[in-house]
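Common to both upcoming complexes is chain A, partnered first by chain B, then by chain C.
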Partner chain A sequence: MKFLLQRFAFYLFTLWAAITLNFFIPRVMPGDPVSSLISKNQGRLTSDAIHSLEVLFGLDKKQSLWDQYIGYWQQLFKGDLGMSFTFFPTPVSEVISQSLPWTVGLVGITTILSFLIGTALGVGAGWKRGSWIDSLLPATTFLSSVPYFWLGLVAIALLAGPGSWFPSSGGFTPGLVPAWDHYFIGSAINHSLLPAATILISSMSGWMLGMRNMMVTVASEDYITVAHAKGLSDKRVAFSYAARNALLPNVSGFALSLGFIVGGTLLVEIVFSYPGVGYQLFQGVQAYDYPLMQGIFLVITISVLVANLLADVAYLLLDPRTRKSG
Partner chain B sequence: MTVTPSSIEQVIPGQGSMAQPSVKPSSKAKRKRFRFVANGKAATGLIVLGIYLLFAIIGPWVAPYDADLITPDKLQAPSGAHWFGTDHLGKDIFSQILVGTRGVVLVGAIAGIVATILSVLIGVTSGYLGGAADESLSAVSNVFLVIPALPLIIIVTSTISNAGDIVVALVIGCTSWAYGARVLRAQTLSLRRRDYVEASRATGEKTWRIVLFEILPNLTAIIASSFVGTVIFAVMSEITLAFIGISSVSTWNWGTILFWAQGQQALAQGAWWWFVPAGLAIAFLGTALSLINFGIDEFVSPRLRTAGAGARRAPNGDKVTMRVGFTPVIRGRVDTTPEIEIKHPPASNGRAATAGGADLVATEGHSTGTDGAKR
Partner chain C sequence: MTRVLTRPLLEIKNLDVDYGLGDEAVKAVRDVSLTIHRGEVVGLAGESGSGKSTLAYGVTRLLPPPGVVSNGSVVYHPPTGDPYDVLNLSHHELRKYRWAETSIVFQGAMNSLNPVHKVSVQLMDAIKAHEPTSSKASRLARAKELLRLVGIAEDRLEAYPHQLSGGMRQRVMIGMALALEPQLVIMDEPTTALDVVMQRQILGQLVELRERLGFSVLFITHDLSLLVEFSDRIAIMYGGRIVEEAPSAAIYRDPKHPYSEGLLRSFPALRGARRELTGIPGSPPDLRGMPTGCSFHPRCPKAFEPCSTDLPILGKPDDHVGEPRTVACWLHPVTAG
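Let's turn to the complex of A and B:
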């Protein structure tokens, strides 16, 4: 329990740091892009919307920095992230809450899958060095050196297109109403196959290499020799003794690199015009929609922190030592 | 990162490091410094990287066309005149890639240097000093590690209007040092209690001298590998930024080419030559850098090598797979021959497994039941 509480406190601290960073970026940077946006949209914005933008971006220069900071937090607690310019009369929080489920579904599931498959291959490659799985490594290195979004482009060029079963863009067939029926879910799965495959192929090799190297290290430990000496089967030693111990650093590595991976996978959404957070970030960037960009950054950070916490729980379940000391 | 001695040395005294008392230390030490180049992966990576560096310097001069030259040959497929075809304005894509190499390499190098300096400063300081300084510094680097870097970079660079190469490189460098700092801190922690560091402390050396001359040289491999890792990340981030149109579109890099390809519907028009070369250029650069990193890893920890780990031939023609932690056992003949004879084979016996004495010793009985090495 103590371990979890410590991690939780750390994530709260990180959240605070991210929000504070978000508070300072528009205030420190030269130029004042948001006021020009406001003046461009003069007649369309309500005074409430203008006020919330002022609080978010520090346009009210008369206030002291501290007062601005307090006001910023108060507004965040109300869930008010300002008004999106791209999707005009919709507030940012609403735009994000529409797109977040798509991203969590696509990126979440594929990240976990790629971790599991990559780790399994890594166990094989590390246990039987020089086998065919080991010879996969150069190929996977090449694939992971390709930017995710480019692999997506190639996938569209090769597999999607007129007459192909794979759709090249969108999250579901236009015209369908989002609902929990089999038409919609089938269409959503069909649309997510190519982006998911793209993410899987390019993110898997990192886990594979990490797990392979850990297996190689663990395989020379004394307890492995003892397990062999006891006459246990090779399979049992590989999975219950070596893989179980090699897995631990890989899980904590998983937690640490989530931030990197999520950044890369968001771009796959852009290529496939997938209706998730990444695609909206792209649209926000195109339109200089600063409230939307900042809101998305916050939401992504929070999601990554939650995912990290879950990875810590998994670590706790896998490693009895952390439970005992708590 | 701690390297325990190979179990071969423990099992067979005289086979491992103890067996080489006659090597002259002076010449050996000199050669070791560049030995990691002899690693196939590292050498391949360095050669490919060298080609990229060359084109980063001479690219704009050897480009066959002006990358911004608008010609009437719109959307041409690759041909003798235009090796990689042309884009929607008739610009030569091969020239764009050559011209763009400089920006990519420059940003990668600057970002890598900035991040490496930051990570060495923060990681080594926090690892060596310990205490409250360590706590706060590692908290900061953990925060930077957990916050998703790419969205942060996107937000910062999009706030700066018309960010050029240098600005992008600095932003990437300042946000991607955390992983290196973490690894360096861990290694410094283990180094600072070693005897030789204690000894120099006892002789009254100054802290900065210990850090610079005792600790840092032993961190070279880790620093190098974190530099290479950061360069990979920086190149990817830079290309991503150009691809989504944040950094300035007026200068060429591979991301800019992809930006135009995506914006002008290259896919829908079937213009594969527009985005394939740029992507392959990125992929080969990334692979070269990863290979260098593998080379460094294997140099530091030889166990990770793949080469030569496969099946080998015993002197009698049996295939034996060498694996760390296992003693090769020749099976299949055991049933016909008493165990005692394998241990002490007659000299005329062709199966004398110790022949040559190199790396194969059949010690049946030592690890009975391990079937790891059987064929």
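Let's turn to the complex of A and C:
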């Protein structure tokens, strides 16, 4: 418990540092990109919107830095991240909350699936070396070493396009209204298959290889020999003794990869023009949409920190040796 | 200490164990025959690398790859029923045989416990694997009893291995080895990581348990002085072969093989796992290039003319009368057959 509280305090500190950095970056940027954008959009912005941008980017030069800082935090706590220029006049928080479910849905689910399938295959390959599962490895390793960008484009060129069942871009059929009905959900699933498959292919073998090698390492441990000597069933030795220990290093890796769901999806979403956070970040960067970029970086920071905390909790739950201070 | 022992429990016959195949193979155990009788403590001694652990692994079919038993048999005599060769058991039969008939405490007893499971789980899963219909309560009761047997407080059942001291872990392993009341317990240097006082204490307890429960023990160690004290018979291994086998007192009083003599004269260090043998000059043989004849001849102070060319066979020396004992040395010629 004490350990977790320490970690939690550390992550809070990191969050504070990241946000403070976020506060200073626009203030030291040369030129004044945001105010020039504001003046370009003169007349389209309400005075409230201008005010919130001034707070976020420190345009109000009359205020002291300290007062700016206080105002910045107050505004963050209200959830006001300013106005997006790309998706004018939608507030950044709304833009992000529209795209986040797509990213979490596609990349979140595939990250979990990739971990589960890769780990299961790794257990099989490492436990029965030389079996058919083991012989998959060179193929999956090759696929994972192909740059993702290229893999996605090849998948689109070969499988998507006119007359194909796989759509090549978007998150759902244009014209459908997002709703919880079977048209929309069916279309969303249909659109996610190709990107999901490419993510699985490129990320699964990492888990598989890691798990296989850990299984091989663990298999030579004394306690595995003891488990065999005790006459335990193969299944119990493989899972409760070998896999259970081999999993430990992979679990924290998995928790960390959950943190990169939001930040690491740029390529997937660009290749498939998928309406998630990564694609939006891409659009935001092209349009110098500083408020949107700042908002997304904030979300990425938070998700990485939460994932780190998850990794700590998982380790604590799975490895009794870390529970010493109980 | 010595007793009349007639009924065999485990007969190892002409066992060869190699690591690897073909010309590259390391011949770690050669032509070993050794019989363990019911209720007997047999000691196995020899320098590091002489093949003691390999023999134990071979007998229990736990050899890590690339180890293979290339020749011989291991005949087990169950309390009831016909004897059978352990090396011929099917996968399923072997699983039933293990731990219930022969259990083993490994050299690495420090790492023999799974770090992620509680002691209770690891004691109980062995019982469950062999008595699937037993109730959880009865298994727990048995686990408690086992800990009590080896002098550990019951509440340690809920401990994880890292919460136990090294000595406690080894006691747990010894308790675990007794979980199914096996006929034979093989102990491969179960006490090397402990200090001498602790070693004696554990061994004393073990011999006492043996008297009560009636199992046999194959006890493996570098430390011949320990064996002389605790075992009925002692076999000495050199370069993968047994070079002498005799009742403990006889070996102590009158070692016939010059290597046994050297082992007896060497002083084990007070503490620590690896021991320098001060009584014997030179170093153990390289298994890849074994000396011809008696493999001990380059180091033997008494080597003479036949030693470097002819292999002495293990058998009862012609000049010996009294308790059965065997030796493989040209100083004590054996008439074959």
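Simple rule for what comes next: the second predicted complex is superposed on the first by the 268 of 326 C-alpha atoms of A that agree within 3 Å, B and C clash if a C-alpha of one lies under 4 Å from a C-alpha of the other, contacts with A are read in each partner's own complex, and residues count from 1 in each chain.
By definition in this document, a residue touches a chain if its C-beta (ideal position, glycine included) is under 8 Å from a C-beta of that chain, and two chains touch if they have at least 3 such contacts.
Values in this document were obtained by computation on a predicted structure and should not be read as measured data.
Asks: Touching A:228, do we find chain B (first), chain C (second), both, or neither?
Replies: Touch partners of A:228: chain B and chain C.
Asks: Look at A:220 in the shared chain and tell me whether it touches chain B only, chain C only, both, or neither; answer first, second, both or neither.
Replies: A:220: touches chain B and chain C.
Asks: Should A:14 be classified as contacting the first partner (chain B), the second (chain C), both, or neither?
Replies: In the superposition, A:14 touches chain B alone.
Asks: Have a look and say if chain B or chain C is in touch with more residues of chain A.
Replies: Partner touching more chain A residues in the overlay: B.
Asks: Figure out whether A:270 sits in contact with chain B (first) or chain C (second), or with both, or with neither.
Replies: first
Asks: Taking the stated contact definition, name every residue in chain A that is touched by chain B in one complex and by chain C in the other, in rising order.
Replies: 220-221, 225, 228-231
Asks: Taking the touch rule as given, give the residues of chain A at its contact with chain C in the complex, in rising order.
Replies: 220-223, 225-233, 236, 240-241, 244-245, 248, 318-321, 324
Asks: Note which residues of chain C are touching chain A in the complex, please.
Replies: 60, 62, 64, 94-100, 103-104, 106, 108-109, 111-118, 125-126, 129-130, 160, 162, 173, 176
Asks: In their shared complex, at which residues does chain B touch chain A?
Replies: That would be residues 4, 6-7, 139, 142-143, 145-152, 154-156, 158-161, 179, 232-233, 236, 239-240, 243-246, 258, 261-262, 267, 270, 272, 275-276, 278-279, 282-287, 289-291, 294, 297, 301, 303-304, 306, 309-311, 321, 323-326, 367, 369-372 of chain B.
Asks: In their shared complex, at which residues does chain A touch chain B?
Replies: 10-11, 13-14, 17-18, 21-22, 25-26, 29-31, 33, 129-131, 134, 137, 141-142, 144-147, 149-151, 153-154, 156-157, 168, 213, 216-217, 219-221, 224-225, 228-231, 234, 256, 258-260, 262-264, 266-267, 270-271, 281-282, 285-286, 288, 290, 293-294, 296-297, 300-301, 304-305, 308
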